[in-house]
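Reading through the structure tokens given below for one structure.
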Amino acid sequence: MAPTQFIARVTANRRLTGGYFILELSGQPTDGGGSVAAAEPGQFVMLRGEWGRELLNPRAFSVLHVDPDGCFSVMLKAYGRGTTRMKALRPDDSMTVTGPLGRPFPGPRPGVAQILVAGGVGLPPLHFQARRAHALGVATQLELYYGGRDRDDLVLLDDFAGWDVRHVLATEDGSAGTKGFVTVPLAGRVADARARGEAIELLACGPTPMLAAVRKLALEHDVDAWLCLEEQMACGFGVCLGCAVPVHGPQPYRYCCTDGPVFTAKEVRWP
Amino acid sequence: MAPTQFIARVTANRRLTGGYFILELSGQPTDGGGSVAAAEPGQFVMLRGEWGRELLNPRAFSVLHVDPDGCFSVMLKAYGRGTTRMKALRPDDSMTVTGPLGRPFPGPRPGVAQILVAGGVGLPPLHFQARRAHALGVATQLELYYGGRDRDDLVLLDDFAGWDVRHVLATEDGSAGTKGFVTVPLAGRVADARARGEAIELLACGPTPMLAAVRKLALEHDVDAWLCLEEQMACGFGVCLGCAVPVHGPQPYRYCCTDGPVFTAKEVRWP
Amino acid sequence: MTALPRTVPISPDVVDLRCSFASLPLRHPVLAASGCFAYGQQFADFLDLRALAGLSTKGISPRPRPGNPLPRICETASGMLNSIGLENVGAAAFLRDKLPMLRAQGISVWVNFFGEDFAGYVECARLLDAGAGAGIDVLEMNISCPNIKKGGIEFGTVPEVAHRLTRACVEATRIPIVVKLTPNVADIVEMARAVKEAGAAGVSLINTLTGMAIDVRTRMPRIATTYGGLSGPAIKPVALRMVHQVARAVPDLPICGMGGIVSGEDALEFLMAGAACVQVGTANFARPRAALEVLAELRALMAELGIATVGEATGCLRAIPPEAPWEPPGN
Amino acid sequence: MTALPRTVPISPDVVDLRCSFASLPLRHPVLAASGCFAYGQQFADFLDLRALAGLSTKGISPRPRPGNPLPRICETASGMLNSIGLENVGAAAFLRDKLPMLRAQGISVWVNFFGEDFAGYVECARLLDAGAGAGIDVLEMNISCPNIKKGGIEFGTVPEVAHRLTRACVEATRIPIVVKLTPNVADIVEMARAVKEAGAAGVSLINTLTGMAIDVRTRMPRIATTYGGLSGPAIKPVALRMVHQVARAVPDLPICGMGGIVSGEDALEFLMAGAACVQVGTANFARPRAALEVLAELRALMAELGIATVGEATGCLRAIPPEAPWEPPGN
């Protein structure tokens, strides 16, 4: 579906633990174009507040949740100048939305276990994937491997529990799940599956070092893996050429916003 | 008293007619320096909101009113980028204040009628002057000549009435007072006073064409007049040299922020 | 101390935005800038391309070029840095895959082009001419590539070199050549003069200022090539100054102005400084309809100020009247 | 795709901010910039001047100068334009009325100076030397006056002219000369080299970019001299680029960096680009304590990033590691 740009209204700004917050927005393109309601897990929107001329470009956020009535939400954390301003948004403030953008994660396939690997602000597309799978009655095919700095860094766990998605947690300080990076138990899971001949695939979104570890694991064990990447974006719809992703293939680069943000582990040209 | 800089809290943002609004602020320097409470009519403050890096410099506003407890207020209108943002301020928002700055209007002298000439956002220092005179029991020495585009453009009239300050109004559309510029009835008043040998002086603040007319009148009739000028300011405390005012005298320029904003009609070097 | 000119507002409907650049008629003065509009297609999702006066394509080279390593962009205060690396599909693919759609819109098609060396520029002009002829309205020659490595810098900064390059390209094509100058020079006027004398039909002012940003946490530059091109509202004052300088000093050289235009007021500033038309660049990223919004605001503002035509706006700048004379006392 | 360097935070108390510029010891690397701090007095209302590393005075000429007509300043996106006109009290009054107070603070006193022509520069250096000698730590020679009318532009844009002028001033005084360069050039490195070879003890980078703004309602420039100097965060990317270019290409030339510094992070970017110390300019207008706030933020940030000394910060910039090689398929 072609992306559109429209003004949305903030309907809620909910604080989670760990500095995360969920921004709920409501709005529809007025020209009858496609709406964010049609977004799929892994797709994203570009959001920009009333930022005057200091911050020019919108910021990219994975869609966390969509309602058929045109409400949708994103989950984020205050890192820099844009997200810090977004943290202060109150109901009825407005934002310019462009979306839905990008290509989604693949849906679950019969007979293949989908292992979701999430960290930090990488959770939203995987949360959306699980919600969607639950709605389709295939959530039991999914597992979540979720890592964070500490217990507070792991959010929305109840949702996964409610959808009957098994989850394995890991924190760097050991305050929840195993201590260390989540890619350690994940490595065991992958090796075990390969040994047993179980069909699995990996869907990952999170900090770059986590994605690099997932990619390595996937290549080593010859397991299909999709990585949802974050590159600096100016436009989000394929015109600035700023969001290049180095790939193997006929061209040295593809574009995070239009070819991604979901790429296969094999195609990404990382060291 | 030396100026200070401190953070103040917005306590109210009251709408008046004509697009004007009054911003009430509360705050004191924490280092025991001078406070805005000591400001006199004609002095001003530099105000800056949380404007990030797009708008660098604070904006100048005449003090409208001070409380001994450190509350003070300014009256303004949304013109450009700074004042438009200020219009949206809500209680508990914060502003950085520098002040009190500049040199005030002269106080009323026995036996001399002080004629206040106001237009637009030039009202605040004259309103302050009248309030002060009322507190000192000399308000009957004052008269107000107040001009605007229309009836809504004339605000806070009840205050002057309450202080027993006689006022003559003029509007460009005739919806209040005489029709036309207020400098027309003022010219009659000045000529009449000169003819009768009455001692008068003029204190004016408003749009530049109004000040130019007041100056001309004062020079023609050899009446003392003080003009409160508005120049573009970056600092407000005499260091950027941006707010030059062309004057007659030993130097071609004096500075609106430190030598003014109140200048005599005689010294100003206007065509 | 100076009063506004007494202006009589007019109806937006009677504002006549038609104008021309060199001998080229334009429906109105707002185009989209090179590198900020790709080859146009993606924008069709957001607007009717035919509503634009025209657009300048992403810079085309004789052969396709991959781009630079990442990161390629970052934001700065009221601006952004980019180092895309002049990635493009190459002249042949452009002519085959991109141009027909643009031509079909009936708008002014400016093809931005460059070469990796002197011969490459001439070759590119020749290829585009041969492949399109009348299908291209302007060849916008980008001699300001901060991202080409060797020699490239001199094309845009040494008047004699720019002159020679311009002349060679002018002779290689029947399409009017508009030279896009870099602001990274001490004297923009001598550059404009040099390319005019070489036969340029006009100049585009300005390309990006060269800049840098550092991520103190990684201790690395924020873009992979260390330096990149600064665009956006931050550079508008520099762009306006250069447009004004050239308009003053080189009167018969049409100028297409750009650099930080995000509103109709910005566009009007450029016209008043002396530009015949303008391009909207970076603003397209945040608002794909930016050029049309600028146009609508321009029309409304001209109406409010009683400016009926683009010609009235261009170069209507008045000098600030002199102050009353000062005499030292005692004279 | 690159991880942060694993940094071990340290206590702000152990961050050692002492540094030096050329042979001049500085208590820390944050000074106030010329024209943005007047002669210092007014700031005593807001801060203890002794907490600064030093300051650069408003530019001094041999004789007093009145300023330019008004308006002299206006704001632009993340920047401001000024055309003050190098108004100053003149060398004699400066030495008599201003310098003693500054000297009494025990901070590094940089006297920014200029002349209206070649001889005026030399005369000014001589006057300041004769009147103050050891009381002035640095003569910061401003060869980048956009506001001087004739000839002045060449001092800052033609390397040979800058060389000759610098040499003449260096020979006229025992005080180290630091040359303040204009960014309005195509090649800042050749300018830096030229003044270094002429005996400059260092360079200050950068002065303002020349810019313009138009009030579309009055149809007049927003400042009386039409063009003015652009300062503030808008120009930071250009300033950082020039500091980095000069630090790379002219290794033994100390650089004082400036241009848009409003935070400790900005200051650290300049140090990482290669500056030995920095000046805070425009930020002083909105926040008279800006230089001290920048200093406090710089200390906290260095502690957070485990950078113990200014020397460790200066030039610690790392290159972005190269990408994995790409090979076209089928090779």
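As written, the chain order gives the labels A, B, C and D, with residue 1 at the start of each chain.
Here is the rule we use: a residue touches a chain if its C-beta (ideal position, glycine included) is under 8 Å from a C-beta of that chain, and two chains touch if they have at least 3 such contacts.
This structure is a prediction, so every number in the text was calculated from the model and none was measured.
Chains that count as touching both chain B and chain D, per the definition above, are A, C.
Steps from chain A to chain B, taking the shortest chain of touch contacts, total 1.
For the criterion of most C-beta pairs in contact, the winning chain pair is C-D.
Chain centre most remote from that of chain D: A (centre = mean of CA atoms).
Centre-to-centre, using mean CA coordinates, chain A is 44 Å away from chain D. Work out the mean CA point of chain A and of chain C, and you get 37 Å between them.
Rounded to whole angstrom units, the spacing between the C-alpha centres of chain C and chain D is 31. The multi-chain contact residues of chain A, meaning those touching 2 or more other chains, are 53-55, 81, 246, 252.
Annotation for chain D: residues 2, 69-71, 77-79, 232-233, 323 touch two or more other chains. The touch graph of these protein chains is complete, with an edge between every pair of chains. Remark: chain D residues 35-38, 42-43, 45-46, 58, 66-75, 77-80, 82, 84, 87, 232-233, 262, 282-289 touch chain B in the complex. For chain C in complex with chain D, the residues that touch the partner chain are 2, 4-5, 69-71, 76-79, 81, 153, 157, 184-187, 209-214, 216-221, 224, 226-227, 230, 232-238, 240-241, 244, 260, 265, 268-269, 272-273, 301, 305, 316-320, 322-323. Of all residues in chain A, only 52-55, 81 touch chain B in the complex they form. Those residues of chain B that touch chain C in the shared complex are 53-54, 208-209, 212, 246, 248-250, 252, 269-271. Across the complex, chain A is touched by residues 1-3, 77-78, 321, 323-324, 326-329 of chain D.
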